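One chain, chain A, appears in both complexes that follow, with chain B as partner in the first and chain C in the second.
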Partner chain A sequence: MNASSSARPGRIAPSAAGYLMLLPALAVIVLLVIVPMLVIARDSFAISDPLGGNLGGFTLANYEKLIDPVYLKTLGYSLGMALLNAVVCTVVGYIVAYYIATRRASLQPVLLVLVIIPFLTDFLVRTFAWITLLGSGGPFISLLRALGVDAQSLVPSQLAVTLSLLYAFLPVAVFPIYAAMRSIDPSLKEAAADLGAGWWQTHARIFVPLSASGLASSVMLTFVPTLGVFVIPVLLGGGKDPLVGNLIVTLFTEFRNEPLGAALSMVVLILMLASVAGAGLLLRNGARRNRSLGKDA
Partner chain B sequence: MNKKVLALGALTLASATVLAGCSAGGDASSTGAAGDGTLSIYAWAGEIPDSAIEGFEKETGITVTVDTFDSNETMISKLAAGNSGYDVVEPSQYAVQLMVDRDLVASIDQSKLEGFDNLAEKFVDPSFDPGNEHSIPWAWGTTGILYNEACTGAPVTGWKDMWNPAYTGKVYMLDNMLSAYIAGLQVNGLSATTTDEGDIEKATDSLLEQKAILGGYNSTNYADLVGTGDACIAEAYSGTTSATAVENNPDVKYIIPEEGGTLWTDSFSIVKGTANEDAAYQWLNYTLRPEVAALVTDDASLASTNEAALPLVADQSQVENPAIYAPAESLKNSEFIVDPGDALAFFQDGWTRVRAS
Partner chain C sequence: MDRLTSWIARAVFLFLYLPIAALIVYSFNSSEVSYRFDGFTFRWYAELFADRMLLEALRTSAVVGVIAALVATVIGFLTAFALVRFRVKGRAFFVGAILIPLIVPEIVLGVSLLTVFSTAGIPTGLLTLVLGHVVITLPLATLVLMGAMSSLDPSLTEAATDLGASPWVTFRRVLFPLLRPSILAAFLLSFTTSFSNIVISTFTAGVGTTTLPLRIYSTLRTGLTPELNALGTLLVVATLGVILAVGVSQMRRILAGPTTTP
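Right after this comes the complex of A and B.
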């Protein structure tokens, strides 16, 4: 362990020119990510005036206001939705990724492109498409009615929200899992079969543990952005249960309270960072365990 | 394709999804408009027809840039940030009050105006801007009810129908605090412009009670929902989308509730400190002409504030469409929704409770 962290064979020492070439990327990150975040962090401690102005100054009142059952409830609901979506996306993503990774090599890139194609359409257009698909005049309800079921429109419903969230984030789940699966030696599957492992055991003991890093990335990449979603719950969920993203929009616009909106944004940001850090720790532990497993074998 | 590339691809997709959600908000690129021969206008999306802009450019030789916004708050925060580069803005009535208070718009020199007499009476010296000192109304509309008679089975007459449990799951309210409170207040027989804490509390209770039968809160596609019957009855703004829904489906009706009516109007104001003041006045005078004002109905399906313009509207069926021009008798008791001032806090507390319940 120590040896590998101190001396890194094969690593090229960065030259001055190398650092210079990093500058544009650094500038972009500082200007477009770090600076806005600092502005939001600063605003979250500012005093607001009733006309919607930002008076500056320093107060903790914004954070105190957030300790209100109303905000806690919305935060809890959003975290629940994000977690549900992360799990659903990862499960479905696992199945899709496994299917793709086990096709013949020439077919795999085609299937991956097919997964991305819907993303070339605007996000709002795709969300509206779900309204048509699940609405009362749509194919799904028509089919149910043709079968004699007295079906009502599925929009708005929790199911519609869950489905369209899955649809919106599925590719994000498929890619990291596929990447992890590609490096699994296919002969492991044959070996498992030889040793009498069934379908379930092959996945539970071979494929899932070996693609753990991809599964963890998938959970993170779907969980974090779901916390920021605000259009889907309004269009497909009826907007009766706002997500934290809806609340932030309301605070910034209708409530004319930038500082309070900034404070809520900071809380969400911290929750996101905490979950990324948590997942990072889990991943590292998992990797260590895998390595020791490999040694045992 | 190695792992890093794939992960990067996934990350890009994830952020693209989130950003795409954001782009549903305002879309306006800033323009530098100092110097002669240009005019930069910041207006509501869909409220200034291209035909009006082209006519103005041809006549004056001034190059016009129009950026659009979809909420007053977006527009105000952009102007408040300073150096917006805009010469003329188009705030709604309560936004005029806010912008005057925040010193963002200039006083209009009435002596430089031509054609001000063309405005309909209710837009002259309005409650939100005494003496039209800071704003010249351009388009107007109402907040009312859009309903599908095939679904309700009977004519709808007022806000009380939006509390009728027979329509459970098919009632939609606008996803906007002050608009929702219009219904909440007027259904209790209270004024929509009240600032009394007790009144607002009563409205909050009504809105909380109503939530049980709501299909949802929606300011985006409620007209489609009413058109297809997925919604029986929805709180609605008059204007393009409601008018189209009424035109396309004979069962869809737009009414002003019997408990009272409310008006909104979007006006042109001159940005404080503009470098193109002359061009801004030319624009105001141009839009006060009846033949220009008629374009807002012909090409944008909105009601014009210009009385003299009404006979000049090419398609008179638009003037008769209640979802564009609400009938005069239904507006007898109507008032403008004005800025609630300090009472905003009561509305906010109530609305937060309603939304999170």
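Right after this comes the complex of A and C.
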């Protein structure tokens, strides 16, 4: 009757129909992702005229321009901020995920929804809510004044940028860590306690290695997007300390220096690949430790 | 130590809601300069609905969001169906390819789209916005639907086929009703993602197709107005609506993987 029950249950034998159905998605990925990225990869080596126009040809001048201290400073600052944000989000995300995963089963979905609500709320709304909270005359400043501290406004400030970056990416960190933690057998914790392991040992030897996949996703999902953020430095940092994202937007929309912008985009892309590789490495190490954990037990 | 981390976690939940609470409270504050809480007013909501440019941007975002989400859901459905129900060669390759937009920084996707559109002579506008938003929503819709399809018992559609139902009838009478909640979830998540996107829109919007986030951003560069607090409050309420429509258990499965504990 039907060939579906042959080799793998539920899977219909390969046919033209299956590949035909993949065609639209493949067209989107090839035409709107792969080809455009190849075009900017090529543009990053193009010669630009004095006005920033694309003259074609081949040069390394765009990449050489990026070695300028102005760009290096922004790149260094962005990497630092992205790394800081990824680490803070992952550590705080770990604490929150552990808290949720160790609550009773009926409470867990409720707590998770409490993380989902800010996550799905409009990104810009989440950002300007911090201006309301920390800005002049806002509740935070009023509180400080009531306590006798003479404060004007915390916007713009480095603190506001750091807090709103954490706020923007924390939920993204919680989900994968929680997903990994949910599959950890709770009896492992009891066993560790019975064997005399303290809090620190229980986490270092059991929970952290066993949720390594979630932690790696968390780092990756917070590090890369932070590099591309351009709204937060402008709105909460006053635009004084731009991130790479700000530079790319400025190069493309204001300076119209396409080749230079393309070169900077390639640098971000390379950083992305490096972080994916880093996360992969982290995972491999995690897996190795899990195996040795299995041997011990 | 467990007690300490519990307290930190509780403080984090407070941290998650402080800005939202401030937003809501100040949207009803009658004081012009939002200096201190002066009294209750609906004035900012009234001004919001009188703001022509904001409403125009809202319309653009809604149109782009609906079209992009529809396209992403339909293509995502086909993709998920092909990957879950067919023994496709190079399955891992296809899955990887579809996930590329989730890993590549959005800003790189945005600038490359802009470059290609301008090279190809396609003017930025509604079409380019929709195309850009399809790129970032397609992986989400596909993942949601793949998850739903793999947890579906394949014998249900097999039974329909064995009983003589045509592929179309099988889809309409069996597959679609069973997957309706997930299709709705894929659509709503895609819509929400498109609606609040600013990075891709910065590069793909044209004159006259300013989306709501772009409009809010340009307003914010000159300063925060109480009207924006009112808009933010409405968007938070809309978010609650989306979560209720998708359903808590389904949302949990999408974001935190399939349930392993009862």
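Rule of thumb we're sticking to: the second predicted complex is superposed on the first by the 264 of 297 C-alpha atoms of A that agree within 3 Å, B and C clash if a C-alpha of one lies under 4 Å from a C-alpha of the other, contacts with A are read in each partner's own complex, and residues count from 1 in each chain.
The rule is simple: a contact is a pair of C-beta atoms (placed from the backbone, for glycine too) under 8 Å apart; a residue touches a chain by one contact, two chains touch by 3 or more.
In this text, all values refer to a predicted model and were calculated from it rather than measured experimentally.
Legend: residue contacts after superposition of the two complexes on their common chain; A:L147 is shown touching neither chain B nor chain C. Residue contacts after overlaying the shared chain place A:S217 against chain B, while chain C stays out of touching range.
By the touch criterion defined above, A:E254 lies against chain B but remains apart from chain C after alignment on the C-alpha atoms of chain A. Of the two partner chains placed around the shared chain by superposition, chain C is the only one that A:Y99 touches, whereas chain B remains out of contact.
By the touch criterion defined above, A:A17 lies against chain C but remains apart from chain B after alignment on the C-alpha atoms of chain A. In the superposition on chain A, A:V231 makes contact with both chain B and chain C.
Of the two partner chains placed by superposition, only chain B is touched by A:G53; chain C is not. Chain A is touched at more residues by one of its partners, and among chain B and chain C that partner is C.
In the superposition on chain A, A:T74 contacts chain B only, with no contact to chain C. Shared-chain residue A:P242: touches chain B; no touch with chain C.
Residues 109, 116, 119, 122-124, 128, 131, 135, 137, 171, 175-176, 178-179, 182-183, 224-225, 228, 230-231, 234-235, 245, 249, 252-253, 258 of chain A lie in contact with chain B in one complex and with chain C in the other.
Touching chain A in their complex are the following residues of chain C: 1-2, 5-6, 8-10, 12-13, 15-20, 22-23, 25-26, 33-36, 75-76, 78-79, 81-83, 85-89, 94, 97-98, 100-101, 103-109, 111-116, 119, 131-132, 134-135, 138, 142, 154-155, 158, 161-162, 192, 195-199, 202-203, 213, 216-217, 220-221, 224, 228-229, 231-232, 235-236, 239-240, 242-243, 248-249, 251-252, 255-257, 260-262.
Within the complex, the chain A residues that touch chain B are 50-53, 68, 70-71, 73-74, 109, 116, 119, 122-124, 128, 131, 135-137, 152-153, 155-156, 168-169, 171-172, 175-176, 178-180, 182-183, 217, 221-222, 224-225, 228-231, 234-235, 237-240, 242, 245, 247, 249-250, 252-258. Residues 1-3, 6-7, 9-11, 13-18, 20-21, 23-25, 71, 73-74, 76-77, 80, 98, 101-102, 169, 172, 175-178, 211, 214-218, 220-221, 228-230, 341-342, 344-345, 348, 352-353, 355-356 of chain B are the ones that touch chain A when the two sit in their complex. Against chain C, the residues of chain A that register as touching in their complex are 1-2, 4-5, 7-15, 17-19, 21-22, 24-26, 28-29, 32-37, 39-40, 43, 92, 95-96, 98-100, 105, 109, 111-126, 128-133, 135, 137-139, 142, 167, 170-171, 175-176, 178-179, 182-183, 198-200, 220, 224-225, 227-228, 230-231, 234-235, 245, 248-249, 252-253, 258, 261-262, 265, 268-269, 272, 276.
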